[in-house]
Each structure stands twice: as structure tokens, then as C-alpha cells.
Amino acid sequence: CVYRLDIQQGNILAQRDIDKLRPELTKNQVVFVLGSPVVDDGFADDKWVYLYSYENANLGKTTVKKLELYFNGDKLVSAAGDYEIPEALKMSHNIEQ
Amino acid sequence: CSDEVDIYEPDPLVDLDNQFETKVLWKTSIGDGTNDKTVKLSPVYAYQKIFVADGSGNVAAVNPDNGEVIWQTELNTVIGGGPAVANNIVAVGTTQGEVIVLNAADGTEKWRRAVSSEIITSPAVGDGYVVVRSVNDKLTAFDAESGEQQWLHDQTMPSLTLRGDSSPVIVGGGVISGFSNGKLAVFLLDSGRLAWEKTITAPVGYSEIQKLVDVDVKPLVSGTNVYVAAYNGNLTSIEASNGQAIWQRELSTFQEITLSELILLVTHENSHVSAVDKSNGVILWTQKALHRRQLSAPESIGDNVVVTDFEGYLHWLSRKDGTLVSREHIDSDGISAVPLVIDNKVILFGHSGNLYAVAKR
Amino acid sequence: CQSNRATTTEAQRINNAFKLFERAQQSMLSGNYRSAVQYLERLDSLYPFGAYSHRAQLNLIFSYYKLNDYASGIAAADRFIRQNPRHKDLEYAYYMKGLINYSSEKGFGKELFSAPLSERDASTARQAFDDFAELVRLFPNSHYAKDARQRMIYLRNRLAEYELHVANYYMRREAYQAAVSRAKYVVDHYPKTPSVPYALKMMEIAYNLLELPDLAENARQVLLLNYPGFKE
Amino acid sequence: AEKTTSQLTTPKTFDDEFIVTEIDVNGLQRMELGTFFNMLPLQVGEKLDSSRVPIIIRTIYASNSFEDIRMFRDGGKLYIDLKERPTISEITIEGNSDIKTEQILDAMQKSGFAKGEIFDPSAIKSIKLGMEEQYFAHGKYSIKIEDKVITQSRNRVHIKFIVSEGEPAKIQKISIVGNSIFPDEELLNQFELSTGEWYSFFSSEDQYSREKLSGDLETLRSYYLDRGYLKYENTSTQVSISPDRKGIYLTINIDEGEKFKVNDIVFSGDLILTKEQLSSVMPLSKGDTYSAAAISFAEEQIKRSLGFYGYAFAKVVTVPNVIEGENKVDLTLFVDPGKKVYVNRINFAGNETTNDEVLRREVRLMEGSALSNEAVDRSKVRLQRLSYLEEVNVETPKVEDKEDRVDINYQVKERSAGTIQGGVGYSESWGTSLNANVSHSNFLGSGKRIQFGINKNKYSESYRADYWDPYFTLDGISAGVSLEYSITDYNELRYSSGLLDTASLSFNLGYPINEVSRLNFGIGYQDSKLKASRITQAVQVIDFFNDNGQDIRVDPTFDYDLYRLSAAWTRNTLNRGIFPDRGTSQTFSTNFTAPGSDLEFYKLDYSINHYLPIAPGWTFLSKFRASWGKGYGDTESLPFFENFSAGGSGTMRGFESNTIGPRAVDLENYEAIPPISPDGTQSSVPWILPSELSTAVISRRTAGGNARVLGTLELIFPVPFAEDNNSLRTSLFVDVGNLWDTQFDINRYGYLPASELDKIPDYSEPGTYRVSAGFSLQWLSPMGPLTISLSKPIRKEELDETESFSFNVGKTF
Amino acid sequence: CSLFYGEDGLIKDTSYDYLKAKETAPLKIPPHLKHENNVNYTVVPAIGEQAKNAPSGKDISLVAPAQILDVLDNIRANKQSPVPAIYIVENEEFLWDTIINLFTEQGVKFSRRDKANRVLETEWVAVDKRGVWLGIAGEDDIDEFKAKFRIALSEGILKDEKQITVERIAAQMFNDDTDKWQDMANYWHDSAEMLNLIIAHYDTATIERDRNSKNAVVAGFKVQLAHDDNNNAALVTETDKALVWEKLPKVLEALDFDVKDRDRRLMTYFIAYEYEEPGFFASLFDEEQTPLPLESGDYQVTVTTVGELTAIVFRDGQGTPLNAETMVKLYPQLNKLFSDKK
């Protein structure tokens, strides 16, 4: 049927990079490891979203993978999303913050 | 219509009626000559023979009386400087950066060594050493017999130099040579240590051209004095032992200086010929008629002075006042070698590769 | 080396300078800018310094503008600025440079055959904006400052519309991350333009489509605060 | 001598302090009084004593605009006498040819020495130094510069520089010392500098310049490194000039070192690519001679393939470590892919008429997606295929503050896609033609094509309007509609005979099936009326009428309606829309009438054009086309007016249009006057003698055929004297092709006497192919594409009319 | 073609839409959010006070601003003055009369003619749409635009310098629909063009003056060879400086010098001399044209004062005075020419 263009958007992250994440990392260090997020919130910067989407038009299938990083000021606090999250950064671990 | 006179154009010959005639006694072909006018190939008289090296690679010993070739060796390389004859050996330098030494008796090759750059001036032979000056301002000394390299010395070089190098002179256990940075230096033969070093002319001006102060003249040693000159700089008389300047006068040249009793004979950079009093540097006379005719070094013979030009004319000047007295056309390829005077004959080596003997009729 | 015998003394040269300029002015008044340019070029070459050449060069800029010969107009303006850095009418040269770039995008031909203004090449508009900005910065009290500033506002709105036009394409293309960053570009870098509310609205929709509700909420609140009654 | 000394005379009459009641300034010309006063460190009413005077004079002098300052006192009044420094009214430079005056003036302007500036005499010396420096860089060592300062009225000066450039220093000799492996000649002809051959008077290769020398030393170094001499070293280089400043002598001393072999090759770092991929790209293997060129080729290839995976800024560094004594070297290639790079913004510039979206939809990647260099290039090619873009350049600069972001900037140059053509065309075969055509393939910058055309010439008259939108939907589904009415006089066309009057309306729809190929479907309704001539002898015409149960003599007109359906597959990888020089374009189309139309037939057509670049500017084009048509259902054979044609610039250059192919066979039978019938009337039906008695005459007119094969081999070469003009194309070609009728049946004329029978050649025989060769020039003139071809038929059949020169305006590609 | 292409034509002419463009208020950010990287790439700077009421849109005139033509050697523009003005080295009477007869020649009447403090105000004169006086006067010639001008003469700054200022004090335009005269704003450029007309007229007047002064027989006078203040060789005479200034060009032309330029402020003539071999013809016509002992090139001749005497100093192109021997050689010819009648 009609050939449509595959649309790929957002950051392609490798698991081994995510494993390098540790709490207390500054924002610059996170950018050094993962690169800067493609989509960012214009009006708040305590939450970063690395959103990867690949819409394979011809198979009509869209894969989406999301990684959310939460910061307190300049320090990384916790992370969540479709990737394996390092233990130290799991939300449960930081409930008390 | 901008009267852009090219300041380096040679003047035409002035018309002259010869006061005496000269004739070519004999003429011998050594090789097929060279068209690179900046190399220094001058004949040398030793052991009652004339030794001469030709740009195309031939070295020959010639009988001064009749011009017959006693021996001739074919070196298939381009000779840049020489020959230097002493201690029964003949040394020449090649543009491929090699020094070749032959036996003076029969011209057989004794040894040959490589140096780090092109050689375009005659080596120096003496006191058992062969000292070679290469284009990169390096001075290399070899043992005359074995050819072992003894020592090597180099100088800081300016980015632009004048084509042509000063040939080293071995005298009294030392070797003297001029360099492109306007300095004259003396080294001890056995150790290569620097005895003394004197700046003949310091570079002045702001562009590379103005800063050319090469000392390309072969130092002339007479008694305890050394006479040398720098391009764009001064003619100086120096005390051989300690390098102090006795007198200094502004005179720019790159051609060799010759001595005739009490006067120095010099060809200026613009081909004016002067006689200079060797004791105080006062110019006795200057002949300007041969302006820019790329004259060779002057040589005195009797009460005349001879000099050759780029069109191959041999000019005779009066030794007293420098006036032109006679002229004869010798070699159409031009002659720039230093004239060699043996008794009453003038030995000339033209760029055509021919050796001539000329005398007054 | 022909010695140029300037026979005419200073006085005589003045008269024919006046006549030459008179003829240039006549052709300009009658709208024949082609011949005006020739007179002015000759005037400038005959009297290469002083008041004549300034008068000739300034009128040259005006004539090239009228001939729609934008390249030579800008070149003439640049030459005047470079050669007379401290001239009292420098502001005119700066203003005309901006005006020439501004009008090279418009004109009868462009309107008939080209895409709508805010949907095509923005680089000449950007250049016009920078020229006018330099004029107002250098000569805030200039006679032309008010008009230049007004044109800058128009140009800025046109540049913002161009960004939105591209963002719309990406929305239709479902490349929402691209659409969001283009819309954010308008909000961040083209403030005080009428496109800002549309950009905020698009950010909200795109964030929702990207399933980022809290980012969408932020954009919605900013929109609500600034443009309460805004409807798509 | 310039008058530059300023007399800083301390005023004589100053013996004691006094209050300055008034200041009288004299000699100001250019500087305004106001500016002078706010520079003067003294106000009326202040005390002035002899100690302050020198300070005041020095501050005034520091303004660098006064030559002479004198101060006098008369009671309370202070007189200041000034002499302003002149301004420069004019700078002229004479005698310079090698360096342009503008260049020199610009350099002067940078050091504040220009028209209108204050004249500072001391600046002249540094200006001349600068000019000499510029000339030395050009190898002009015997330069002489003279300056003249001519004072003029109103304290202005005119500075004149007279330059005598003298002879440029020519390179007399280059000697390389220490090269034993490669002879001097082999090394020297790699050099840009040389001692100059006879033609060097206009090429400046024998003129020395520092830059060229360092370039040549670099070439020499890589010459050795590429052949295994890892340890090559240029020990020193001497540059010297002959005393007459006319000759430059270069001496290059080198140390060759040993020849090295490659030991083992190791890839390390974050490879991303597999080992096999990496070694497939490395030309060297164990035991080969070391070559710097091969290594840099490998580095380049690795970077390119990493680029496909979004690592646009990958770095590959090769570290050779020498195994001592064995002249072997281990190579380690460190691969650092760098950050994955994303597209920040895609910008277009130069599209003054085209809508941004029309360009953006051709780009295969989106903002915010990972960068793929391959996609960037592919998009450039897609943009170049648009017929309204003349030139497309792309660059991918890094974004300053964002490490892993890159902008993609497309710089386009538009070609005027709107052509309002009117006027008279002339083609040898079809005589003068009047055409008016408004076509715009980028209407309102929207990429849509709108065309209205009126075309009138000797053989036909057609009115046409069509609209086509390549991007009816965002994904590239195209849609179009076209309306056409035409009257064709086949008689003029050297075709059988008859007048065909057609009106048609058709719709088409197309969509991409992958990056390079598309499917198009069309559906159209056509209403036509054929009016043959009653007395035609062309057998094919007569047969057509018989097949359709109609006697031509009774009713020579034939009306028919057709529902035409078409389906086509196209694949296009050409690198440019206009004058491509790489890639292939193929089309396979079927065109048939729906069952139930008055005539049922179908036509198949396959064509392929393949462009193969040989050398810059040289391309080898091979074209092949085959078409075949047949009737089906109750239409026996392909109607003659639907036949293919061959001959003319579209199909076979060198032949007149429609001159190739089966000829119309005219059976001339003798007509007797019809006998008067008993009732005295003469019947209008001519009395035809039995066909056996008719004679066959092969008319010059062709009848076309239902099978056609065409082939072309064309060599495209750069246009002499106008290489960079991209609207001109010149080529040499060989055309081969034939047109025949598979349904032709010789014994259909069995009844003819033998003598007549063998006059009719067997038109079903495909072997009668034609060949022609020649030269063709294509020019994209403002009025539209124009083709001129000079050709010579090599193999032709008799009765083929050839034309050695054809010139026409209009669509030919 | 305004119907087809224009403001409201079929194809919209959008060149004046910018007047309607508006700026909107900057974004207010809710307290709990922040908007850091809002770098404004298109800052629209504020304009100065005076620029606030400048015209814009259609009524901004794009015509190039006028320039004051201070090109004569004794004229200098006064760039500071708010009203077009020039400084001019000239005697006041001659200036005043020249300006007056510029207008009276065309029949312009003056509404104010105050010789004491040198102020003139004209009646209505006809001007074109750019405000430039058409050179005709008279009530009936005025059809569409008319203006009044005030010209004032005052002291300059440098010694014996005068200042001329010109100002358009009133301007009216005839409004067809209301067919009444309606006031127009005055611009600096309109008065500048009038000042230029005065300069041009003054220039022709000086040429007139020089011509008749030339015709007046200038009695010859003796010159001696002596020195000027800084003891350069110079010709000295008692005759008044102005007369010497008048006589000098005739002497120079007679010596085959070519007068290229003159500076009345510095009292210097800039001349050039072309050394020509006395050709065959010269000797044929036995012109006693003995060539001067000078190379060809540029020279200057300055008239200065030595004590009360007038001195004439010859200088070369670079401004260095000629040495004594050349002056001695030149002296006979110079003396002869200065003393003869014509």
C-alpha cells in the first residue's frame, strides 16, 4: 500500500549509558552521559524527559520509550520510565524526599 | 611610459681601442660546462699542473704550458664546487651533497662521503683535513687520508639567503669560513672548537631582502690579517688571532677578493672594480664602465688587472688607475671563474667547459 | 604619464557640477531613474571628494531603490557608509539598506507568483530586520527611527509566523517533538508577537499527543494567564 | 622633507600667572570649534601659569590632528594659533599590475590611511613596508616604491605611490638532496613549483611563493608516506636568491629512512560497527607496504558509515607503533563515535517564491530526529529532482551551545518555473507552428503544476489544460486532472489518411511504494470521431472499417467512445530533475480501454534511461524502450490511429517524423464510370472492378505498427568553453530502433497477382531495424527547452525520409 | 493599476501593512513556573525622544537628504548650526549686494530688508513640491506650493570670515478639495537647497568680479628678490596684497604655468609646469620662450606679508620653498612680467 515515511523523533539511549546514572549527578554530567533531551519543558526544569518514538509507517507500528529524570535544583534525584532504572534512582528508594 | 629602468640590467660595452693585443695560447675542452652561473668552479695551480673540475662531472689535470690533459676522471654527478688541491689530493663537492677526493697524481678516486646538503663552493684541503661547507651553512671536517668524519658545526640560518657560499680556508691549525648570517668564524682543526666568531655585517631593514648580509667571499689570509666582505655590508680587515677589526669600509660584494702586493682587488656587487689599500681600506680607484656585467673576481698580472664578464669578454685594466686598456672575446657562454695567473699566462675556465690560456701578444 | 592638464579652474568646475546635478534632479523628478543614475555616476567620478560626491552617492542609493535594482542599491549604501563614517546623513544610508531588503520580498511580481509572504525564505526579512536594528541602535533620534522601528515589529511578526508555519507542517506530519521545539522557539525567541498564543496552544496539544500531561499543563497555564479568552 | 616637526614653543611672554578672560582660537578648518573647546583642558576664568602650558599643548597635540600649536598672551586674552594636519583627498597607485589597487587600498584603510582621514606623514613608511611585504609574497623581490605628497587647496593632500614591480623572481633550480629511492624527476613533477617550461610565461608555476613551497613539501612528505617510508623526514630547506634578484634556488634536504611493512591492524575504542565491517573498509592487510593514503581512506570510510548511524562527529585516529629493527609497524585505529547527534533545526534559504513546506516535505528527516548523513544527501537529491530548483547546496554546521545538535541548512537557487510561452515555432517536418502555453510547475510556490496550452501546426490543432499536485496528501499521494481537445489530420502526418477529432477528460492518482518508485493509476473518458476519406485506398484503413463491420465507401466516419484505464510503475533514482548525470529512471505502463468501450485494445510500454558518470562532466547514457499493443475482445487488431510511430526527435533522430514502420498499402483498382441505370440516373457508387485486377502501390505514408523497439547510446561531454553553464548539454548519440506490425499478414493480399504481391514487403518482419548517429545540443533557454541535433542515418530502408538537421522548441525529455 | 494591484486591489500591495503591525505584551509567567532561556533574538530597541514625532508610512520622504555645497575654496559649512549655514571669507558689502540681486533679478520683493543687522525676509516665492525655489517670483506665478525665506549675514569664527544662514520661515500648499492654502512643516533640507542656490549665484558673481577686475588695467610694479620671514628666497613688493593676488595668475600663465587650483584662505595658487623642449616651430616663430629652469611637476605660489611689504614665495609640490639660485634664475622673467602693463 502507500509507502509512508518512518518518523523517528527524540533521544536514542543505550542501556549501558543509563546504567552510569547515579544520584547527585549535576545536570551537566547527565548531559555528558546521555546528551541533552530533544523535548524539554519550556516552563519548568526540574523534570527532564528523554522521549524516543519511532513510527514505522508501513507496519503501522509506533514504538515509544520514555525516561524521566527528576532533579532537585541541579542535582539528579530519581528516574523512572521504560528503561531499567539503576537501583539507587528508583522512585521507591527516594520516597522520603 | 613610466621610465621603469630595471636597475639590474647590464650596461652595453663601451667602445675601446686595445692598447695591446692578446692571444689565446691554447684551449682544452674539459667537459660540456654548466649553465648554473652561481656554482664556484675555479681552476687551481699546484704540483706544476692546473687542476680543474667541470660542472658536468669531469676533473682533469692539465699541463700549463701546452694545455694537454695529463689525466681526466669522469664522475657522473654534477660538481658544485672545487677543486681544492693539497696533500696530494684533489677534493670536489657535488650538488647531490657528496665530497669526492681523488689522488692528485693520477686522478683515481680515494674516497667519497655524503654531507647533509648541496655543496656549491670549493672544499678546503690542508694539514691532513678536508673541510666542506654545504648550502645549509654546515661545516663538516673529514680526515684527508681515511675520509672519516671528524667534526661538524652549523650556524643559525636566515629564512632567505643569497645564492653562493664562502669557501673555507685552512690556515695555521684552524679553518676560517664566512656564513649566510653575516658572520665570520674560525674553528680549530683538530677539535672543531670555535676559536672566535665576528659579525661582519648585522642585518638591518625590515624585509627579507633588506636583511640579506651573506658572507659569500672566500676569506683572504695575508700575514696575520684576514680580509673578507659581506653582501649588502662591509669589506673588513680582521686580526687573524683574535678577530678584532683593523678597518672596515662599506663595500658590498659576493665575489672573491684577490691581493696584489699592497692593494686588494675587489669586484663590487654591481660589477664595479676597485683597488683598495690593504692597510687602511682607502679606495684607490674604481672602474664603473662594466656596470652590472656580472664580472668575475679580479686578478693582477704584471701592471694590469684582468676580469671576465657574463658575455665571455676578458677585460684588461691598468693596475695604476683602473682604466680599460684591452679586451678580447674568449668564451660565448660567459666566464665567472676566478682567473688563474701562472707566470705571464692568464688561465680562464669558461661555462662552455673549455680551459683557455691567454697572454699578451 | 600624460600630465592631466586640469585646465578648468576650481570655479568653472563648480558650474558644470551644478548643471550636472540639475540634470540628474530633473530626470529623478520625471521618474526616469535610469538616466539619473548615469548623471550621478559621472558626477561622483568627476568630483570624487567633498559635498558633490556625498550628494551624488546618496541620490544614487535612492535611484537604485526606485529602479528595484536591489543589489546595486545596497552596494551604494555600503560604499557610502564605509567611505564617510562620520557623515551627518549616515542614518539615511542605513535606513535605505533596511528598506531595500524589506521591499525585495514584496512587489507586484512576488505577490502574483510566490507563496504567501510568511511562508517563504525568511533570510532577507531577517537581514532587513538587522539593518533597521543597526539604524535605531546607532541613531535613536534619527528622522527615520520611528518608521524603522515600526517595520521591525512587522518583520518580527512575519518571522514568528514563519516559525509557526513550519511547526504546523510538523504537527500535520505527526512529528510532535519537532513541532513543540519550533513552537517553543517562538515563545522563547520571538516574544511580544501575536503568534505567541498560537505557539503556546500548539505546545499544549503537542505535549498531550506526546503523552506528557504535566508539560502540557504548564503550557496551558501560561496561555490561560496571558490570553484567558484565547480560542484556536 | 615633510614638514612634520611641530614647534612646541612655550610662549615667551609668560612670566607669571594670569586669569584667562578670553580665548581666541585661530586656524581651525575642519575641526569644529565646539570639539576643540571640549578637548582643551582650560576654561575661561581659570588661572594659567607657565607650568600648565606644556601640558595643554601636549594634550592638543595628542589629538593627532594638528601640525603646529602656538600660544600667545595679550593681557587676559589667550591666543591659540593652530595649523591643522591636512586630510587625504585622494590616494592613487600607479604601475601596479600584480596586486590590484583595491587590495592595496583596503590594506591601507585598515591602518587608518584612507580618503578623508587625517594625513599622518609617519604612516607612509609603514604603508610602503606593507606593500613591499605583499609583493615579496608574490615573489617580486626587485620592487621599488616611490611616494609623492602633492598639497592641494583647503589643506588637503593627494598621495601618489609610483610602483616599479620589476621582474618576478623565477625559480632557476630545485635540487633534492638525499633521495636515493625515487629519482629527482619523479619527485619534481609532483611539485606545483617548477623551473618552468615554455608555457610558464602565462602560468605562474615558476614564480616562487612561500605557500606553494610549503604545499610542495607536504606533497613530497605524503609521496614517501604513501609508499611505506614511515620514517621520512625533511631535514632542512634552503631558499636563496641570485644577486641580480631574478633567480630563486631551492635546496630540499631529506632523509628517506626505511621502507615499512604493516604488521597487525587493531581496531579499538567504541566501535559501533562490527569487526568485519571495519576490516572490509581497511585496504591494508598484514604484510602489505605501509601507506598513509590507504590509512586515511580507511579512516574516512569508517567516519562515513558511522555517520549513517547518527554519529555525525565521529573521530578516527591511527597510531602506528614501530617494531624496532624489523621495519614493521603495528597499526591501532582508535574509533571515537562521539555523541549521537540530533537535528536541531532544518533551514531553507533562497526560496523566494517556493513555499517552505514544498521543500521541507522532500527532506527525509525531521527536526529532533537522529542525524543520518545519508538521509541528508538523499534529501538533497530529492530536492534537486524538483524541476523548479536549479541548484541545491547543503551544509550541517554544529550548534554553538549544544554539543550534540546540528543544524541542516539547504541553500537553494530557484529556476523560473513559470513560463508564459507564446509565439511561433518552426520544425522542418511540421512546418510553422503557433503555440501559446502558460505553464507553471510551481504555481504560487505551492509545487502544483498548472498548464493551459493551445498548439496549432500543420498536422494538428490541440487545446489542453491540466492540473497536477504531487503532494495531494502529505505522504506524497499525487492527483491530477487533464482536459484535452484535438483534431489530427493524419494525411498531413504522412500517415494513412483521415481526420481524428478527439475530446478527452482524464484523472490520475499516484502514490509512492518505496523511496524511489511510485504507482500511478489513471481513468479517462474519450469521445472521438474518425472521418476517413471515402475513396481511400489504404488497406489498413479499409481493413479497420471492415473489422468493425462498416463499409468505408458507404460511411467513412466512425465515432467511438472509449473508457481508458492506465496503470504505471515508475522508479526514479536520477540525481537531478534537469540534465541528470547519474542514476536510472524506469517506467512500465499499461494503457487499455475498458471492456464495453467501442474499441477494445491495450498497449504496454517499458522504457529505461540509465546515466553512468565516467569522469567529471562526462556521462554515458543508455536508453531502451519497447512498446506493444493489441486488440482484444471484439477488436481484432490495434486501431491504426492508436499505432505507435517512429522517426523524429522523440524516437529516432535523423529520420523524419513517422517515416519509419509499415507503409500504407494502396490498392488502386480501376474505377469505371458506373453504367447509367435503366431509369436514367447514375448511381453514385463507383463501379469497382474486382480487386484481383487492382495494383498495389506502397505509399510514402506510414501506417504505424503495434510493436516498436528503440535503443540509444549517448556520450554526454562537457560543453566546450562553457563548462560551468548548467543549462547547456552537448552529446554524441547512436539511435537504433524499429517499428513493425505483428498482425500484418502477407497472404491477406493473396489474391493479388504475384507481380503485385512481391511489391509488398513483409511488414511483420522485425529485422528491418534502422540506425542513425549524430551530435545533439540541448539548451534550457528562457523560452523553454530547445534541442538542435545534427545526425546521419547509417542504416535505413528505402522510402525512409531522413533529415540531417532538426531544430525544435518544446518538451523533448 | 491600483484596482488590480494596490491597497485593496485584487493582488494586495502589502508594502504599507507594517503600519498596522502591533507588539503584544511580554509573557507573564505563573509563579510556580519559570522561563529561563527566553533570549530575544529580535530585540526592537526604543527610539529617542526627538524621533517620537517623526513621520512614518506614506508621508516619510525617501528622497536623499540635501547637502550644503561648501565646495568653494573660501567657504566652510557650519555643521553645528540647527539652520543651514556656511562661513565665507568675503567682504560683507559684496556678499550683501550679491544676495539681494539674486532675488531682485527675479523680481522677488522683500517683506523685511534690514541692512543694519543684515537680515532679509522674502515675500511668498513659488517652490516645487520638494520645496526648492523655482527662481521665479511674482504672486501670479505661484500655483501649488509657496514659501518664505529668511537670509541673515553675521560674523564668522576665523578672522575676516562671515556667516550666511538661510531658513524657510513659512510654507503653504494649495489644497484642491478645500481650495485653501494649508500650512506645511518646514524641513532643514528645504532651506539647505536655497542656501546652495545662493552659493551658486555668489560663485557666478565672483567670476563676474574677477573678469572685470582683470580687464581693469593693473599697473605693473617692480619686484625685488629678498627673503620672507623664515628667510626663504621670495619676491617682495610694496603693492597691496590683493592687487598682487589678482596679477599673479596672469604672470603665471604668461610663464606657461598651468593654474590647477587656488585657495584664497591661504592665498595660494596651485600650479603645474610641463617642461617642453623648445620644438622646431618655437625657434621658427622666434618666440623668445626660453624654457624655465624647472623640472615639470606641481608647484605652489603663496602671497604673504613680510612686515608691511607683500612677498611672493614659490614652493614645489611637497611644499618646500625653491632654493635661492632657482629664484635668481627665475627673477628676470618674473620681474619683466610683473612690471609690464597687460
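A, B, C, D and E label the chains in the order they appear, each numbered from 1.
Here is the rule we go by: a residue touches a chain if its C-beta (ideal position, glycine included) is under 8 Å from a C-beta of that chain, and two chains touch if they have at least 3 such contacts.
The structure presented is a predicted model; accordingly, all values stated were derived computationally and were not measured.
Asker: Hey, how far apart are chain A and chain E in touch steps, shortest way?
Answerer: Tracing touching chains, the least step count from chain A to chain E comes to 1.
Asker: Which chains lie in contact with each of chain C and chain E?
Answerer: Both chain C and chain E are touched by A, D, going by the contact rule given at the top.
Asker: If we define chain centres by averaging CA atoms, which chain lands farthest from chain C? Would you check?
Answerer: When every chain centre is compared against chain C, the largest gap points to B.
Asker: Based on the averaged CA atom positions, which chain is farthest from chain D?
Answerer: Using the mean of the C-alpha atoms as each chain's centre, the farthest one from chain D is B.
Asker: If you average the C-alpha positions per chain, which one ends up nearest the average over all of them?
Answerer: Chain D is the most central one.
Asker: Write down the pair of chains with the top C-beta contact pair count.
Answerer: Comparing chain pairs, contacts are most numerous for C-E.
Asker: Using mean CA coordinates as chain centres, what's the chain B-chain D distance in Å?
Answerer: Each chain's C-alpha centroid was found; their separation is 63 Å.
Asker: With chain centres taken as the means of their Cα atoms, state the distance from chain B to chain E in Å.
Answerer: Computed value for the inter-centroid distance: 71 Å.
Asker: Could you please state the distance in Å, as a whole number, between where the Cα atoms of chain C are centred and where those of chain D are centred?
Answerer: That pair's centroid distance is 31 Å.
Asker: Where the CA atoms of chain D average out and where those of chain E average out, how many Å apart are those spots?
Answerer: 55
Asker: Which chain A residues sit where two or more other chains touch them?
Answerer: 7, 9-10, 38-39, 42-44, in rising order.
Asker: Can you list the chain D residues in contact with two or more other chains?
Answerer: 153, 366, 368-369
Asker: If a residue has to touch 2 or more other chains to count, which residues of chain B qualify?
Answerer: 2 - these are the residues of chain B that touch more than one other chain.
Asker: So in the complex, which bits of chain B are touching chain D?
Answerer: 2, 4, 6-8, 36-38, 95-97, 114, 116-118, 135-136, 157, 159-164, 180, 206-209, 212, 231, 254, 269, 292, 294
Asker: For a test of understanding, state which residues of chain C touch chain A in their complex under the given definition.
Answerer: 173-178, 180-181, 184, 187-188, 203, 210-212, 214-215, 218-219, 221-222
Asker: What residues on chain D touch chain C, complex-wise?
Answerer: 89-90, 115-116, 153, 156, 345, 348-358, 360-361, 366-369, 418, 440, 444-446, 474
Asker: Which positions of chain D touch chain B when the two form their complex?
Answerer: The touching residues are 94-95, 129, 132-133, 136, 141-142, 144, 162, 164, 166-167, 172-173, 175, 177-178, 235-236, 238-247, 249, 251, 253.
Asker: If we count contacts the way the header does, which residues on chain E are in touch with chain D in the complex?
Answerer: On the chain E side, the touching residues are 73, 76, 79-80, 157-159, 261-263, 265-266, 268, 270, 298, 300, 317-320.
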